[in-house]
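Look at the two complexes coming up: chain A is in both, with chain B in one and chain C in the other.
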Partner chain A sequence: MSSIGDLSFARPKGRLPAGRMFGAGLLVLLGCFAIIGPMLIPADPAAQDFSASLAPIGGDFLLGADHYGRSLLARLAHGARLSFGLAFLTMLAAALPGVLLGLAAAWRGGWTERFLELSATIVLALPGLMLVLLLLAFAPGNYAPLFLGLSLTLWVEFYRVTKATTKSVLAQPHIEAARMLGFGSCYILVNYILPVIAPMIATLSAFAMATAIIAVSTLSAISVGLQPPTPELGSMIVELLPYYAEAPVHVLLPAMLIVLLVLGLQLLAQGDHG
Partner chain B sequence: MNIQANPDLSIAALSIDSPEGRIVSDISLALGRGRPVTLLGESGSGKSLVAQAIMGNLPPGLHATGRVVFKGTDLLTETPAQRRRRWGRSICLLPQEPWLALDPTMRVLPQVAEIHRFVKEKDAARSNALAKENLAGVSLAHAGALYPFQMSGGMGQRAAIAMAHAADSELLIADEPTKGLDTVLRDSVTARLKREVEAGRLLLTITHDVAVARALGGMIGVMLDGRMVEHAPAEKLLEAPEHAYTKALLAAEPAKWEPQASAASGEVVLAGRGLAKRYDRRSLFSDLDISVAAGEIVSIFGPSGCGKTTLGSILLGLSPPDAGVVERRAGMSPLRFQKLYQDPPAAFAPHQTIRKGLTDLVRLHAKEWTAVERLLDRLRLPETLLDRLPSQVSGGELQRFALLRALLLDPAFLFADEATSRLDPVSQKEVITFLQEIVRETGPAVLFVTHDRDIAENISARAINLDNKGPLETAH
Partner chain C sequence: MRNFLVARLLQAGLVATVVGALCFVLMRVLPGDAAMRIAAGRYGPDARIAEAAEKMRLELGLDRPLTAQFLEWIGDVLRLDLGHSLVTGSPVVHELKVQLGASMWLAASALALSLLVGPVIGLFSGLKPGGAIDRLALAGAVIFRAIPPFVLGLILMLVFSKQLGWLPPAGFGSPREMLLPALTLALGLAAMSSRITRNSVAAVAKAPYFAFARYKGLPEAVVVGRHGLRNAAIPVVSYLGLQAVYLVEGVVVVESLFAYPGIGHALVHAVVERDIPMVQGTALVMGLMFVVIAAIVDLLTHWLDPRVRRMA
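For the complex of A and B:
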């Protein structure tokens, strides 16, 4: 057994690769903008001022105003808060049941696992956006069905990854050894399972949030998600699109914000090989 | 066999450096036709690195200096591309655990034929015919249509040898060719390697098994901590070792141990009657009676795959038998039945430091930490190891920690499942000696599984040979 494994050539611990650092930094900045922004910016994102319609960037309005003369800075801050918040809630609502059901399936096996696998397969067989549209039909323009529909499609990833990983860990000899030494299921869960699945869940969470942000803006852009005048990034793009010729940068601003949010999350989520 | 004065491969002052410092220093050796070299040493002694330096596939970050002259060219001065062109053509590696190195999605015959077709550039029909010959040469003529996962470890090893033979390179490097094989398979693999030497190929073998080195003959180099501590012809080195480590290594060979069987000192702790188990429609054992009494070591031996581990799991209640009953002495806590695992790193949680695992264990069973300290002392484990992860201590030390962990619970029965088969001979002997001492001191019953008949006969008064599907009593 004269292997290289005995020697350590690993990257020194505690330092994230540059890409992940950049992603994290980007998210912190955007997070500040989304959380503190709406409090610091006095302007009401819905207050209209037709005299300032499509005001240029840098004048009375720092980032200009849209066709109704609403402050774009205020609308972007509120939009970012909405996207972030909704994505975070969606991720939580998908991750919690997904992880718990995954653990249950791996632990109990048998019928529990078969039933959960079947449910997961059914959800996967439905196109995700269709599920959301179906729920939205009940209460158009509301937050609740949007968020519920998205988490209903996103939990499967958490469930599948948790189940597969937990199952392979549970099959390892050190779990059998721990049981023979008298350790209970609770100890095994906290000390042996969670440390293995936690990093994977963190990565999945970032991906799920990115997916949720894109989905919410997409749905609002095709006018089935959140309705105007809610300052939602996707619907802002669509509202400003007719004025593209006069104010091209105005249209690009919400789009840029979406790109930066998703980029930050994707960079943060990338594996250690990055 | 004529021994040439001019060696075909000579290594002079080879050193390997990592960013943290030198890990292999000043290795010099020479290989000639009919004069194989065997590097002997424990895990982490750097013997595989020497092989990788010759091949030119050192892990990134490692750098070799010195001279590796192969037929007049210094390999270390060649570019990586030039060196890669030699692989499979003039230099060929027989990998560790070849069973894992074979392509799992491909049948064996085409895997061998590939070498003729793509390395030797023959046509398809000719390649197939040659591959069949190669397989027949290692008695695998019937196995050409099997996938690697349908073969045993020994068959996989022979298939790898057939491939090495097909490559017909001048230099063959065998990296732990007998790891994890039982005695019979080990001897057959060694015999095949010897045949390659007789056919005029250069052979460099890396092993921790003294028996392999003895069978191959030629020159033996003993490595310890990245240095070659002794280098001499096989007969001389094996008969009259000079270095203290070589002496310890030779003394640790199971065949050389002093038999020290411990006899039963108490009543029967665990007994199985009429046990039977089938696996995959194949009977592993049937109508097997076994009993282990306090203070005795009972050995089970037999080749890989004969159901030794399964028998242990049944006795421990981890899996049910198809027939028969297991009886434990009444009134004993199930915690007093413990197991030592074959692969020590697999028996410890990889993320948890050893100290954390032991602290939690002590707290769970309301024991005193002083008990741990006493056992650390007893098993000669330095306290500094406690704060490491299982992957950062050696296999022998980790197996002693596994023993410590089991001993904390005052075991009445210990099932040692090939507990020393992955350790080098010196650590193997150490662990077994400790086990024997513990049995004498505190008297647990031990069921010791091994594929090494010498160990079985040396440490126990009763050895059960599972190969014959029945107990074979060996008296002392």
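For the complex of A and C:
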């Protein structure tokens, strides 16, 4: 949850830099795997076959099978879909209120802004993962507290960036000119403010999704997140770890998938900038 | 200076309130009668359980209005009276004292290791932006930042304990056991701080006063040492504040992974066991640790950059 804070707003102009292109390409590939994969692969990710326990890669199972003889390919595809889907939903649930409240705070100012600032400060008083952990204590292993906790921590960044940018745009003379020419708030919002904040929101969204993917897999790996039968990438790693001596690649596959997902999102968000 | 210390104190108060309020709600939302649950936990479920629960209700004041209970709960938190663990029965404060020491050692050595690696790499890449070192460091930073701490920890464990057999994979006691968890955190921290250092060094190297120091004939080491480092350190130190988030979150993850008996490990266990007084205690201490790191960063920035002092 820390990577979200460190981005620069200096956007490179013109052609997309190589890093960004690479990230986008990686994400398209992984997205296809996550969306089309579960539909194309007939194997059930929960179907066990003990005679094929830890089957090697390239045999009956394309990517081998885990200790219960479940197809790793199917589990990876379902795991990728779960990570992607949950991260996307979390991002939406954080971005929508974040942007809307940011706009409201910048537009209205006064008590609205003061109240929203206070809420943001309260959320930021604790590191994000601690808040998620506290909420997870209500119902360990459930989607709801995980989703709620993550969006509750992630909306603040959207709110802050939207508010700060909108405020500085609203203070500029061309907005005043537009107002005096009689253009309404809607027109100003669509034509002057959205074009400025849209690229920032896109960057933040990619960061938020990367953060959510890391958090979901981490929490499952330390056994407070989603529970084992779910094909979740983090818990797959931990489940397969005792069998590392027999099947090292099986352990590394889900780990690779997480790293590639996060790498793709981070590259897309910031391109070549360190 | 007083201003930001007051702000940090307020933040500490907020941490206590948020953690306290969440745990208060937690205690009352969990299914079943809280008094009955505690009585069963303490005396065992027998025929006189209803009577015991009634005593417990009076003892804990669960029969009074919610607002009164809540105020008292917050008061207890502020007086650092954190109650007893529902699992072990010993006072939470007592358990926290042992664990806090272990976690502090881990966090401090991780931070020290990361400062040995990150800023040094950043310095060399910043002095020649776009050079070979810079590009290599960028690639390294991008990759290390994409690896979640628990995956990085597992990889280190597999390489150094399983393949090479150099270090123990888990445990506690000697510096040997601490090295792997500290290294896991340090690599993630260094990946971030090396880039910040690089940018800030590159900016300083372009500054007129830096060029002037060269023109007047100072040797390179003096130029970098006297005119470069302190100025370049300002953004790096203030960025440490953001890294505090990574550090505190990382401590939770890495301690659980390496079975290191610190606060983060205890928090995860308390969440799994629904031991609410322990959840409250550990979350409170970790939150306060975060505030303390932020306050130290404030003080350091203040000392490094006299301009802040003049403005305040």
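Worth a mention:
In this section, the second predicted complex is superposed on the first by the 255 of 274 C-alpha atoms of A that agree within 3 Å, B and C clash if a C-alpha of one lies under 4 Å from a C-alpha of the other, contacts with A are read in each partner's own complex, and residues count from 1 in each chain.
As a working rule, a residue touches a chain if its C-beta (ideal position, glycine included) is under 8 Å from a C-beta of that chain, and two chains touch if they have at least 3 such contacts.
All figures in this text were calculated on a predicted structure; none of them were measured in a lab.
Contacts of A:Pro97 after superposition: neither chain B nor chain C is touched.
By the touch criterion defined above, A:Gly85 lies against neither chain B nor chain C after alignment on the C-alpha atoms of chain A. Contacts of A:Gly31 after superposition on the shared chain: neither chain B nor chain C is touched.
Of the two partner chains placed by the overlay, neither chain B nor chain C lies in contact with A:Pro17.
Considering which of chain B and chain C touches more of chain A, the answer is C. By the document's definition of touching, of the two partners only chain B reaches A:Asn191; chain C does not.
Look at A:Pro229: by the touch rule set out above, it reaches neither chain B nor chain C.
On chain A, the surface touched by chain B in one complex and the surface touched by chain C in the other have residues 1-3, 5-6 in common.
By the touch rule above, chain B contacts chain A in their complex via residues 18-19, 23, 41-49, 59-61, 96, 176, 179, 206, 208, 316, 318, 335, 337-339, 341, 343, 346-352, 360-361, 364-365, 391, 394-395, 402, 405-406, 409, 422, 424.
Residues 11, 14-15, 18-19, 22-23, 26, 29-30, 137-138, 141-143, 145-151, 154-155, 158, 162, 192, 195-196, 198-199, 239, 242-246, 248-249, 252-253, 256-257, 267-268, 270-272, 274, 276, 279, 283, 286-287, 290-291 of chain C are the ones touching chain A in the complex. Interface residues of chain A facing chain B in the complex, by the touch rule stated above, are 1-7, 9, 172-174, 176-178, 180-183, 187, 191-192, 195-196. Within the complex formed with chain C, the chain A residues making contact are 1-3, 5-6, 19, 121-122, 125-131, 133-138, 140, 210, 214, 217-218, 221-224, 234, 237, 241, 244, 248, 251, 255, 258-259, 262-263, 266-267, 272, 274.
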